[in-house]
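Heads up, the next two complexes both have subunit A, just with different partners, subunit B and then subunit C.
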Partner chain A sequence: MMQPVGPEKIRFVQKKQRHATVTIVTCKAEARRRLQPGRSGVLGKIWKHRADYAYVLPAIAVMLVVIAYPIYYTIELSFFKTPPGLQLRDKTFIGFDNYATILTSELFWRVTWNTLVWTLGSTLIAFVLGFATALALHREFVGRSLLRAILIIPWVISAVAASYIWKWIYHSDFGIIGAVLVGLGLADRPPNFIDSVSTVLPSLIVVNIWREFPFAMIMMMAGLQTVPEQLLRAARVDGASAWQRFWHVTFPHLRNVSTVTILLLAVANFNSFIIPWIMTGGGPSNASHIWITHIYELAFGRQRWGVASAYSVLLFLTLMTLGYFYVRALSGNERQEGSP
Partner chain B sequence: MTRITLGSAVLRGTVATALMASLMSTSALGAPPVDLSKWSPEYVRSIAGTQDFDTAADCAKVTPLDYKGRLTFWYQGVFEGDPDLLRQYYKDFFETFRKTYPNIQLEEQALTYNDLLDKFRTALLGNAAPMAVRLQILGGTEFASKGYLEPLKPEDVGYSTDDFWPGAMKAVTWEGVSYGIPTNNETMAFIWNADIFKRAGLDPDKAPATWDDVVKYSKQIHDKLGIAGYGLVARKNAGNTPYRFMPQLWAYGGGVFDEATANPTYEQVNLDSPQSKAALQASYDMYVRDKSVPVSALTNQQADNQPLFLAGQLGMMISHPSDYDVMLDLQKKATGADKDKAQTVIDNMRYGLIPTGPDGKRAVVFGGSNIHILKPEYVEGGKVDEPAAKAIICMWTSPEWSLKMAYAGSNPGNLNGFKTKWMKERLDNIKFLDVTTSMLPYGIPFPALPQAPEIMNIIVPDMLQNALTGAMTVDEAADDAAKRVRDLMGGL
Partner chain C sequence: MSTTAETVPQGLGRRRMRVDGWRWTGRIFLAFMLLYTAVPMIWMLITSIKSGFAAMQFPPQWWPDEPTLASYEKLLDPQNSVGQDFLRFFWNSLFVSTVTTILSVIVAVPAAYAFSRFSFPGRNFLFFAVLLRNMFPAVIFLVPLFILMRLLGLMNTHGSLILTYLTFGLPLAIWLLKGFYDNIPVQLEQAARIDGATRFQAFILIVMPLSTPGIIATAIYSFIGAWNEYIYAYTFLTKNDQLTLPVGIQRFFSENTTDFPGLMAASFMMSVPVVVLFLVLQRYFVRALTEGAVKH
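This part shows the complex of A and B:
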């Protein structure tokens, strides 16, 4: 007796045919490749995908000019001494001396510590806060859309404007926070937020978190949409508690988006220039200098282009390492999505 | 009341004529248009409005008025701390230039004091600089010594070197060659709130005579009224910091080098001298020991002190005469009770000479700006339209415009500006102008060295911040700064 052929079976056959077609094309290309001597390995692959390369060539050309050349030039400059009293063309080759100068400088290690505190503190707290907010906003309630729109405001405000606003909020003599605390009788005099070496960095981190947590919130809200509702329902039917449902169902589905969010935040924070520069200029007494502001001061304030370039190379390597993990996390995502 | 303070101070300051002579190069002693040896508020009043100048006619001799060309021009323009009056004069200048030279296509760009050096340095690295630039006085030697600037002297735009302050000419001279022309020169004064003085039990009509008095007065104001006494400024990378700390450093007999002497050689670093440390100690005493200055001093600029002063929360500060106009502008924006409160502060605003050190030495930064022409190879497009550049330089450094562009806060770079009718009008309109012109003879230029911007904008503020935050002791901070200057001068 013949089995009835349903729509699912038809789709399966179509899919199989598509695969077959792809196989035939691949075989033809392989045959062509074998027929052309001297075009094996990488060159052969490039030749095979020459049309694809032609499409991306303009973008590659632009990237070579605006990214590759500056990177090459920065690396080259990092091996030269560029005294502040001379023009850049009068530089002298000194090998790895700039790197040695940086690594033996007490200030470098202090600034590195600041950078780590700034990056880790901002990234982790912004992520946790963003995640918590995303979970809260994932539920249906009246005014959810409005609240979501309000919470995104810090992220869309210009960082320059935000820095100036926060500078006044924190102002050690005229600040709003200080005025409120003194007004309520909670303090005798306004607290010193950004004019003290011990409080300046945490104060700047708060501003950075305020600006960044909406980004984490948006990313995690997008991630939460991908958690299968039937799994959560099934877990509820099986008697799983809210925490168990979160930990065993929701969180595993968000692992990849969490990794990507954390890496993106970390890269952005390593490179974050506007808030510390505008609010404190790296001060007082270098207490809020992070790598990027210190590099700027070395280059544009003190004209130590060579040392600043060496510093930039170190920053570049650090960011490339983070970038590697980011790409790996993305690849993991794709593998997971593509797996049967 | 202010006059009494002034009169006596000017008498005591006769000694400073010798210092003024130090501002003069030998050639400048030839025949300046004004007699600098007679300098006093009375003398300035006596010469004001005694001569007429026709700017367009004068500049037509340098660049014909029908000249057709194109000019890119960057300048240190007005910023948030300047009065509206000055904004209007800047607007008027460019409108007049376009009317006077209708065939010159002018592409001007205004930058603030703190941004100009960074942007200009970056542009030079990419050979993308403008054809002409107006820089702060500190920048002249840096760019001249590196070979970015064309030689340029007042004679090239129809004036005489003697028409300009000799000290200002030093700031544009490198290895005997002049590379620019001063547009304006300034010295600041000491400002106080007489009402605050009175309420704190101080003589409301008398400025502190010495820097030690400033420390004492600041504490007394803070202790009695709970507000900040003196408007200390110690922000890094901000021109306001050296302009306020260097007068104190010099008054105590210190210095970065020997720049406060008649013939500086800049060979000996003096930041770690006992006198320099005493000046730093005075700032430490106010900020750390007495807590009598704004806590925000480490991140503040003078623009942040202005609202504090207007709100009656600050007793004393150092600034330009233009601060009076700034206060009027701010007061106009205030509403309700704040408006009346601000008016009370304005009514009680007093100007006096900057205090002396323990040995009676009085000093102030001889500041200002210069205008320069770039070499073609560093300019975008590789070409400099020299006649067009000279046209704008002639106009800006003319007696008329060098006076008008410095109307509220500074003084004309071209000494003939003091003879114009606008100077007479200015003396009547701008309150307290006498005081700052009286300070001119006490002016000390920043060291005329290419390293001066780093010393003044980074090393000196770092020294202050290191001492005031407790990151270092006063001695350590001064020693560290001195070592950094020595390293810098040694090419490190």
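This part shows the complex of A and C:
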């Protein structure tokens, strides 16, 4: 019998060690187990571990109320036509009409494109900047920890505060960037960063990256510490250039951390709401609407609960796909941990 | 092939120069990142000590001609209606975040311990179910939770926020703590068990004290998350005296759109508690975050 290493094995060891001193107890337990031959297989296993569930139960209970129920309810609601004002007793079943409405609307594709640009742009640039900062900070120098602390601050402060700070920086009359551009003679008058259709999304992405690159930086700094120093030294002795050392030694070691970081960033970006909502509210003319802000507006702005729910289900499906990769990356990590 | 043949005889001088090149690239890059990070924050501070009139100048006053703390005085003055609101929002945020933090530590500690140590059937499934929650945006849960809270009579109470914050904070808390427990040797508990401690005693007396850094980190994490949360607070609370800081500030400044010094001062004061908390306990925070993703 192949026993999984870990607690199972430990319990076995414990039993062995206790045997000498508490023989009576052990015998009693043995006897009781023999009296219940019916408990075998999965049920028996569950019964044997019944005490373990007590530790997880509070967490699971809270999650069930606040997560399982809402998911069920969203799916149900997505098949109904709902009157405004949440008088949900008057809803009528309409099958897949809500989904059809969404998929045939032009706005849906526009918003989807925005979401793609927003998610990919923010994730990749934040990751690259964070990784590069981590590399630059890897070497010991005076003021390193101070610099690191300053660089992390944007990640800690509230996104609402960040949105207002940048809204003020982008201000079309008194913004600091506009003033600098005019001062350097690069523009005749301050550009209208977040009120123009073509520049609004990139401008918001800059804000988002400002808040998120520290996260990538922290993760990659921790990852860099696990790269074995001997390997790097060996590569140097063999005449590998700095770039070759990075590409052939450092980077392969960081593959797992990078995957997890990128996935976490992607999910967070896909789900972000505050920055677009506070800075532009999705405007001008929907140029900065992403899925989440659009769903919020459909539900709480226009009170089209059914359509918003159908949208949420689509979002849910997309995230499940992403989640599949997330879980695979994480369990890839676990597997590596299991075999040292 | 020919390139290696050429570079090898060039010797040390060339190589050192190239290493220096990378180092200078690193320094310039760090300077750029420092500017990117710090300039917005510095501009926030400078704006917050300007008068309303001084802020509305073009070209801007890089340093205010007459620095003033008027905005801060207004926000912190309990006699003033603005100050009253701000202080109440501040208190509400503090209350909600603290209660959320305490509860999530109480719930997450046993769960993370179980996920780390026990191998009950369904362990992996439950763990990933918990993690998956992390993936779903608040908006998906918003409509049903809105209805649920109405059903439970929790609309316009801080209870609704605490309950929701608890669930969205739990997955991360459990994940962080599990990373810590995974790194505490099981042998310590085994020794305690041999000495006659029950499993629960071993947990409370041996594992808990060792995992204090993890618990501190998880607590900071929950606190910052709850302090900064916006969507649920924005949806569940409508009464002015219940609002938390992020929503309160937004409500307030959608009425006073031109008071940028006030807005910047409020943003600054909203950031102070979390930044201080973070700077003081940085060590734990960074370690906890990376514990689960990086194997030592």
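To be clear about the criterion, the second predicted complex is superposed on the first by the 291 of 340 C-alpha atoms of A that agree within 3 Å, B and C clash if a C-alpha of one lies under 4 Å from a C-alpha of the other, contacts with A are read in each partner's own complex, and residues count from 1 in each chain.
Heads up, the rule we're going with is that a contact is a pair of C-beta atoms (placed from the backbone, for glycine too) under 8 Å apart; a residue touches a chain by one contact, two chains touch by 3 or more.
As the structure is a prediction and not an experimental result, all values here were calculated from the model.
Asker: Identify whether subunit B and subunit C fit side by side or clash on subunit A in the overlaid structures.
Answerer: Result for subunit B and subunit C: clash.
Asker: Is A:Ile194 touching anything from subunit B or subunit C once the two structures are fitted on A? First, second, both or neither.
Answerer: first
Asker: Just to be sure I read the superposition right, which of the two partners does A:Ala287 touch: subunit B = first, subunit C = second, or both, or neither?
Answerer: A:Ala287: touches subunit B, not subunit C.
Asker: Considering only touches as defined above, state whether A:Leu231 meets subunit B (first), subunit C (second), both or neither.
Answerer: neither
Asker: Just to be sure I read the superposition right, which of the two partners does A:Phe174 touch: subunit B = first, subunit C = second, or both, or neither?
Answerer: A:Phe174 sits against subunit B and subunit C alike.
Asker: Touch test for A:Val42: subunit B only (first), subunit C only (second), both, or neither?
Answerer: So A:Val42 only meets subunit C here.
Asker: Count the residues of subunit A touched by subunit B and by subunit C, then name the partner with the higher count.
Answerer: So, of the two partners, C touches more residues of subunit A.
Asker: Name the contact category of A:Phe300: first (subunit B only), second (subunit C only), both, or neither.
Answerer: In the superposition, A:Phe300 touches subunit B and subunit C alike.
Asker: Applying the document's definition of touch, where does A:Ile125 land relative to subunit B and subunit C: first, second, both, or neither?
Answerer: The answer is neither, since A:Ile125 touches no partner chain.
Asker: Is A:Ala240 touching the first partner subunit B, the second partner subunit C, both, or neither of them?
Answerer: After superposition on chain A, A:Ala240 lies in contact with neither partner.
Asker: Output check: A:Ile218 vs subunit B and subunit C. Expected answer is one of first, second, both, neither. What do you get?
Answerer: Second partner only.
Asker: Output the subunit A positions appearing in both contact lists, the one against subunit B and the one against subunit C.
Answerer: Residues common to the subunit A contacts of subunit C and of subunit B are 86, 88, 171, 173-174, 190, 300, 305, listed in rising order.
Asker: Across the complex, what residues on subunit B touch subunit A?
Answerer: Residue list for subunit B touching subunit A: 118, 121-122, 125, 145-148, 228, 234-238, 294-299, 307-308, 311, 313, 450-451, 454, 457-458, 461-462, 465-466, 468-472, 488, 491.
Asker: Quick one: in the complex, what on subunit A touches subunit C?
Answerer: Those in contact with subunit C are residues 4, 6-8, 10, 13-14, 17-18, 42, 45-46, 49, 51-56, 58-60, 62-63, 65-67, 69-71, 73-74, 77, 86, 88, 129, 132-133, 135-137, 139, 147, 149-154, 156-162, 164-166, 168-169, 171, 173-174, 176, 179, 182-183, 190, 210, 213-214, 218-219, 221-223, 225-226, 239, 241-242, 256-257, 260-261, 267, 270-271, 273-274, 278, 292, 295-296, 299-300, 305, 308-309, 312, 315-316, 319, 322-323, 326-327, 330, 333, 336-337.
Asker: Subunit B touches which residues of subunit A in the complex?
Answerer: 83-88, 167, 171-174, 190, 192, 194-197, 279-287, 297, 300-303, 305
Asker: Spell out the residues on subunit C that touch subunit A in their complex, using ranges where they run on.
Answerer: 4, 8, 18-19, 22-23, 26-27, 29-30, 33-34, 36-41, 43-44, 47, 55-60, 106-108, 110-111, 113-115, 117-122, 126, 128-148, 163-164, 166-167, 170, 174, 182, 186, 190, 193-194, 199, 224, 227-228, 230-231, 235, 245-246, 249-250, 253, 260, 263-264, 267-268, 270-271, 274-275, 278-279, 282, 286, 289-290, 293-296
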